[in-house]
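The chains carry the letters A, B and C, assigned in the order they are written, with residues numbered from 1 in each.
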């Protein structure tokens, strides 16, 4: 032990390992959490950029393709083309001798008792299935002709809904909406809850009593009532929707942060700071807030899925997002109504929702294990 | 004990009062009214209706009238179900919701606690992972997805059970709704029980029981089960209150005449009395179940005192 | 050793952890003869408890055992659970360190003591109850007929440990393993429990394996000693030989680790620095809506203290005596009343803002070196936090330089100042806490049990450091502790507190050599190993 020597050079300091770095290391070792994070990243990328990449817009209606099942093969199917041609040419008063489809081109031999008008191809083009109708050969007596038309091919990998809209595009947009609501509502809940809880917990006493009494009363108000009130007041508005959800979810956050703050206030390092004469702001900034972040982060990852389910539930009741915009809850509600005839309407949105919720839950569990190792 | 219960009910009165007052004025502040929704009514008819239902009085007078009637046990007439009073609607619907909710609570406790304890005893085994994963699925998949799937599989495809309807309370009609209601609760209870059991198994007094050569069965049943049920009981209070007051989703999908449907419909239709009635009934159930939870807790844990 | 009742040889215990295997016990061999008292001594982490846990089949689920542990002719390692359960709780029993948590809080103690009787001896409930009452009387629980129906939380710590002992004796075992049975108890209760064990052993004749870190207990209690260090037995032998002529360097270090030295009182001319007159601190219990008026309890009830420059006042007392609360009241960190003066200023009514300018001269060091350091700040930030408040003009480089100085002064490597508290050992953390206090160059430091959470050998280093700092900077200490050996080495003046009041006060030597108050006498005899009269062992607890 040397007597302090002010002229001694200040030695370089080695690097320490903070609790955050430790947590990060533990998180990376947790396979389920890493996998969940990857899945989540893919889903988020798909939700953000997917709608620009897929061939259909989420609100384009293909009236020929109402409730087509999911398929990797392009539509229309070969056996669907012939009836469509017959239907299209019915009004053209021609007899169809033969129909052949090859390489996306339909060739139709037609005969008629009268002269065939070359504009007959317009009947074909009137159908969504065909473009570039042309008369390839017209017999000299104009009584028979060979018509060709390009068959417009569509891919509906996940099928179409009851209005003939592409499910893939709709699911991607729905995921985007659901995630946005989940994240934004959580952010709203976070801001209100952390502030409220930290203030109540840190100041304690009467302030705390009154503030927590208010929370208790809000808790015992039936939650649906609250949401319905908000919907009744503000109408069915996308932005207000998640503000409303966030405004409800903050209660739990406030309780957690208050509990943490109360516990921290009793910890010796906070008392030590008080004994040093550190002012309130310094204690909150250096000692309270950094130590409440762990539980808050954990709770956040678990809140996002809760909010998504909540939004789905409200959409299921018809109180949420409005057409043509959609969310996973809306899609699932539609799917549930059509479950007997068109299972894909329920299956794919449900899988997407489950995937997102699973990933978030496992990530949350992983974070809890990483940030709070004594719980293992 | 009796005086404690009495004190608890007295203590709940201010809370109930605040809830009733807040909901009353919030509901009234909402735009629109019960008679001007779909197609506009003739102004004179409207005025008559408003007079009959006292909607033309000052709001505060209406509020006092409502409180007075409520104290006399009168919830008032429903605005939408014109032939029924709100009291009648509850008298018909509440027993249905309570039967389903009660069944779901019993089922959830039975299956959830068993699965949780089993998983905890075999921590990190295949059975444990299976329970944890299933519980995750149970908590993440919403009821409105589960309900139609169950209805389709067991009602339509397999034809084992009615796909919906109440059937005057036949047991077969209750099974699917009860299972649907119970599934998410089973998941939560299994998780809670598992966590609490693992903690109890690690505790010093279980180590004592082991050190004294007590057989494994007695270690589990005597020294861990009680401790692991405690958090489940805390959780069940509010959850049970929500279950017995009906579920919109389950009642809509299975076509069941409970009271869960009233809330959404009545609020959207501005059926003021029905909304208020539902709020009051739910709040009373919350109070009752919280009390039951505290009594149970004190009974199971001698360290807890009732005062 | 002709007929060992318990014989361990080549015992190995490993724990699988995410950071790799931990080899906790390395080839330990030991024998316990019939009716013998064997002590296993070591500091925390030496593997002394895990050795016996392995014998009893009580290791945590990630633990693995190899080697042999025999009870008479029966090998215990690898014995099927059913067979093992016929031995443990019946032939070999165990009591634990934590009397607060070792009993199931949800069941009456009578039922818990009866469980092994019913299970091993096949007694009926009624017979078992009669035997339980008899056992409770044997271990000195007053009113056993009534106490048999108590829940654990209705008993004091000492009574719970007595209940555990009753449970251990229920089936008249051959071996009783006592794992630090008195560590969590106050000194006077400790002495009673030790006397009880000695008395019961004399009457019943079982062998006792005593696991402890406390050499004082070993000297009084044991026939033979095994000294353990990092999972190995480094020395063994009869108590007399081992204390007289320790062979291993580690044993010698342990024996020398009892704090020594005396503090000279300051000269009579030294000025008064901190003075508290008639200090009271009350707490409210209960109360609230419909629950009646709250009960007011005085944790500190009219205490007067005078601390002069260069003095160290030791405040001793058992848990709940109000000694820590008094320390905080003198620093105005709680809502105490009474007159408090620092130098020439009356600070009794100073608010938080006014107190701030005195704070740098009045510092505090806590007991728990784990809880008193903010886990998310670096050590450098922790040490210099006071400078942010009291010398806000300092640049970051200045603060860094001051941190380096302070760390050198308390014997820490300054290169570690960017590390976080969890990367340091208990003793190092306490040095960090001391550095945080002295960086402000205070005049008074309140030390609230600063050595209680540390191993003896580390305690001694911290005591030396505190003494060194006092000499160098002319500090005055208020030293709060229940550990009389440490107080004796550091303090020149002593206050003995009980239930919020000072029962005796005087110079250290006078208090230690000729205690006047019966409570002080009990405290001294319990802590320093004088024989206690048997009747006091049954009086309280």
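In this text, a contact is a pair of C-beta atoms (placed from the backbone, for glycine too) under 8 Å apart; a residue touches a chain by one contact, two chains touch by 3 or more.
As the structure is a computational prediction, the values presented were derived from the model and not from experiment.
Asker: Between B-C and A-C, flag the pair that has more C-beta pairs in contact.
Answerer: Output for the comparison: A-C.
Asker: In terms of CA centroid distance, which chain is the most far removed from chain A?
Answerer: Farthest chain from chain A, going by C-alpha centroids: C.
Asker: By C-alpha centroid distance to the whole-protein centroid, which chain wins?
Answerer: B
Asker: Taking the mean of the CA coordinates per chain, how far is chain A from chain B in Å?
Answerer: So the centroids are 29 Å from each other.
Asker: Where the centres are mean C-alpha positions, what is the separation of chain B from chain C, in Å?
Answerer: Spacing between the chain centres: roughly 49 Å.
Asker: Averaged over CA atoms, how far is the centre of chain A from the centre of chain C? Could you give it in whole Å?
Answerer: 55
Asker: Please name which positions on chain B make contact with chain A in the complex.
Answerer: These residues of chain B touch chain A: 15, 18-19, 22-23, 26-27, 29-32, 136-137, 139-142, 144-145, 147-149, 152, 156, 245, 248-249, 253, 263-264, 267-268, 275, 278-279, 282-283, 286-287.
Asker: Considering only the defined contacts, which chain A positions touch chain B in the complex?
Answerer: 216-217, 220-222, 224-225, 228-229, 232-233, 305, 309, 312-313, 316-317, 319, 329, 332-333, 336-337, 339-340, 346, 350, 353-354, 357-358, 361-362
Asker: Would you mind writing out the residues of chain A in touch with chain C in their complex?
Answerer: The contact residues of chain A facing chain C are 1-6, 8, 10-20, 26, 29, 267-269, 271-279, 282, 286-287, 290-291.
Asker: Within their complex, state which residues of chain B touch chain C.
Answerer: Residue list for chain B touching chain C: 7, 10-11, 123, 202-216, 218, 222-223, 226-227, 300-303, 307.
Asker: Write out the stretch or stretches of chain C touching chain A in their complex.
Answerer: Answer in residue numbers: 18, 331, 333, 355-357, 359-360, 362-364, 366-368, 371-381, 385-386, 388-390, 397, 400-401, 404-406, 408-411, 414-420, 422-423, 433, 436, 440, 465, 468, 472.
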